[in-house]
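Listed next: structures, encoded as structure tokens.
Presented sequentially are two complexes of chain A, the first with chain B as partner and the second with chain C.
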Partner chain A sequence: MTTVAREEFTDVWIRGWGLWILLGMAVTLSSVAIGLAYTSQINLLDAREGLAILVRISLGVGLLLAAFAAADAISGERDRSTLECILLTPTPPRSLVAGKLVVAFVWWLAAFVVSLPYLWAMCVGLGGSAALVVAGIIGALLAVTLTAVAGTASILSRSNLHAFGFVFLITGVLAVPGLLPAAMMRGSIGSAVLRIDPVAAAQHVINTVIVDQQPLADVVTWMISPVVGAVVAVAVVARAARRIALEPRS
Partner chain B sequence: MTALRFVVLFGVLLGAALLPAGPRVGAQDVTVAVEPPTADVTIGEEGILVVTITNHGQTSSGPLVAHLVVMDPKGGGSADAEDWTTELNRVVDSLAPAASHTIAWDTKPIMAGDYLVVITVAPVDPGNGSASVSPVVRFTVGQPSLLVSGATIPVSVAVPLVVVAGAVLVRWREQRRVASL
Partner chain C sequence: MGTTLVEIYLQSSQRAVRLSVDNAGMSSAAPAVEVNRIGKRYSDGPPALTEVSFVAHRGEVTGLLGPNGAGKTTLIRIVTTILAPTTGTFDVLGLSPRQSTQIRAGIGVMPESAGYPKRKRGVDYLTYHGRLFGLAAEAAQHDAMRLLDQVGLAGRAGDRIGTYSRGMRQRLGLARALINDPEVLFLDEPTLGLDPSGKRDILDLIRQLADERGAAVILTSHLLDEIERVCDRAVILKDGVVVFDASVTAGLADTFLAATS
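Showing the complex of A and B:
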């Protein structure tokens, strides 16, 4: 796993476009931060709501980068016709997948590190260290979940197009309940969906801790689905990675 | 005798005709309660005033109209209630005796300061009594903690520059390493 991870890391972050993509993210975050700060007098955006917006954007970008990197892990090698060569190496399939997914997870980690100064700048005067803690915990759990789900899709997909399409679909499905108006999700079914969906539960935690200033202990039950989601997703990808087919049937 | 009966009957009918069609309660029999009694909010923060209109009269109240009034006790600032709420007037259907109607009145103050807010309820039909007024709700409207951090601009400029510097340094070291092979 270490050898695969090292090679992947070098390909992405030293020889590849990793740092330049990160630069794009930094420029985006700069624009959003300046926009939020200097229009708040006009739109009366409360500081905590602005901070929550920045946390969501930084998490969202990092998670998408990690998910699409994971989706490219195996099906990308199939598309480039390099999977056969990789499978001929003595590396066990699970180590191969684990190495690639660890580097995919690094995408989220790098995005989070880049976003930390912005979050700190927004936290000035708000005593918002809880925002950084929440962003870190929630982001890590969701990154593990999405990376593992995308990795599974990549193993089972015939091409990158299928894997990317699946990741796009699953990300949308998970994100939608948290974006619906609160009035629509007020019933018992809506509330259950919000608790079961890891992304929606994460959004609830961000709102409660950052905007409503409630202690993290008050929303600890909302962390169950992100934790369970991460554990289940890792178990599924570990099972799927036992054997990597050169040409999967589905 | 017949003529006397006719006169009495005519008098009864005339008296009945002169009476109002149905005695209705005046709005003075209508009370207006409002919760909460005080509100400490920031500019742009949405709040809900729960207004309960009750008919304490013996007969129906007739249609009523409720109106939000915002007053600046200092008299200097603008306190235009139209800026505070999406619906300045709310029409209430006739209330039966002892019946109540509750309105959730959304408010969103637009200027900082101390304000007095009352709800007046007046009868729509003419000759149906005077207006009723709710207790005063004392609003204290503060400035929100806006996102004006002195660190935003330096961070927004510095982070992309650091990432560029890192990317250039990594690329330069890699090129040197490849060249030395």
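Showing the complex of A and C:
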């Protein structure tokens, strides 16, 4: 696994566009943070709301980068006709997938590290270190989940287009419940959907801890679906990794 | 360059680390590759292979001939454990298909349609593949440079693969197939895209691999003169069926035309 991970890491961060993409993200986050800080200062937006928005943006960008990197892991090699030569080595398929997905996860980690100064700046005066901890925990769990889901899609897809399409779809489906107005998600069904959907549950935790200033212990049950989602997704991708094929079944 | 290339190869053919499959219990007289009644049917078409059988021995070059769509690439993918056969079985170096990891450790393959990462340097690409075969980093890099030298790419080792010509990529593919010092070598259209001089060099090297190191080489080609020049044995496939399997003799062209027309 370390051989594959090291090579992928070099491909992305030394030979590839990784650092440039992070630079672009840093510039974007700067603009957003300045905009949010200014909007808070003129009292159009509560400072904690602004912080929550920045947490969502920074996590969202990192998660998308990780998910799309994972989606490219195997189907990308298939598209570029480089998969056959890799499969012809005695490297176990699980090691191959694990190495690639670890580096995909690093996308999230790197994006989170880049966003930390902005989050920290927004936290000043709000005692917001809890926000950073929550963002880190929730982000890591979601990154594991999405990376594993996207990796599974990549293993089972005939092309990058299919894998990216699936990741785009699943990300949208998971994000929608948490973005709907609270009034629409009231009642037992709405509450159940929010608790089952790891992304929606994560958004609830962020809102509760950062905006409502409740202790993390109060929302610990909302962490169940992100944790379970991560465990299940990793189990699924580990199983799928045993069946990497040059051309997956229709 | 042909002679030089072969000489260099002979000088450096000793390897510190050599994968051994002798403990599989096979004698040196046993075929390196034995294919028994392999059949392959894809879900959306006619049979790609029907009851294909042949053997390949150490020290021999076996040529797989056939028109487009005859099933040559499918057959190689099956025997190299990339595809599962629908029927039949095979063993490579005395190992069954269930021991695919061990088989892959002992074979070298140059697929016909292999792609290459354009942003990687040639030496990095080979080193990475050496590492995937379990070589230590230093040994992998050393072997990568040695093989690049053997295939005439030493001067371009540090260049990105994206800048290589088609023929240079073929040479790189051959070097990659040799990175694990294989006992069986599968080459799918190895001279595709090479100029006459390059073809001669590669064919000489293939012959030397069989003669001097006792490797079993199985190569596919559309070109009869290539088969006649380097192969000891020819297996002609037509529509997934073996229509000829014998030692290469003069007049193979007539045999091929008669068998495939």
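Basically, the second predicted complex is superposed on the first by the 247 of 250 C-alpha atoms of A that agree within 3 Å, B and C clash if a C-alpha of one lies under 4 Å from a C-alpha of the other, contacts with A are read in each partner's own complex, and residues count from 1 in each chain.
Here is the rule we go by: a residue touches a chain if its C-beta (ideal position, glycine included) is under 8 Å from a C-beta of that chain, and two chains touch if they have at least 3 such contacts.
Quick caveat, the model's predicted, so the values are computed rather than measured.
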Check your understanding: Between chain B and chain C, positioned on chain A by superposition, is the outcome a clash or a fit?
Key -> fit
Review point. Given the superposition on chain A, what is the angle at the CA centre of chain A with arms to the CA centres of chain B and chain C, as a multiple of 10 degrees?
Key: 160
**Study point:** Touched partner set for A:L246, first chain B, second chain C, both or neither
**Key:** second
Exercise for review: Identify the partner contact of A:P90: answer first if only chain B is touched, second if only chain C is, both if each is, neither if none is.
Suggested key: second
Point to revise | Between chain B and chain C, more extensive residue contact with chain A | key: B
Exercise for review: Applying the touch criterion given at the start, work out whether A:D218 contacts chain B, chain C, both or neither, answering first, second, both or neither.
Suggested key: neither
Exercise for review: With the two complexes superposed on chain A, say which partner A:M122 touches: chain B (first), chain C (second), both, or neither.
Suggested key: first
Point to revise | Which of chain B and chain C A:R15 touches, first, second, both or neither | key: both
Practice item. Enter the shortest inter-chain Cα distance between chain B and chain C once the structures share a common frame, rounded to whole Å. Key: 7
Point to revise | chain B and chain C contact sites that coincide on chain A, given as residue numbers | key: 15
Study note, to complete from the structure: In the complex, the residues of chain B that touch chain A are 42-44, 144-160, 163-164, 166-167, 170, 174
Review point. In their shared complex, at which residues does chain A touch chain C?
Key: 3-4, 7, 11, 15-16, 80-82, 84-92, 246, 249-250
Check your understanding: What does chain A use to touch chain B in their complex?
Key -> 13-15, 19-20, 22-23, 26-27, 29-31, 33-34, 36-38, 40-41, 44-48, 50-51, 114, 117-118, 120-122, 124-126
Check your understanding: Once bound in the complex, which stretches of chain C touch chain A?
Key -> 43-44, 77, 80, 82-83, 101-102, 104-105, 107, 109, 111, 113-117, 119-120, 128-129, 131-134, 176, 180
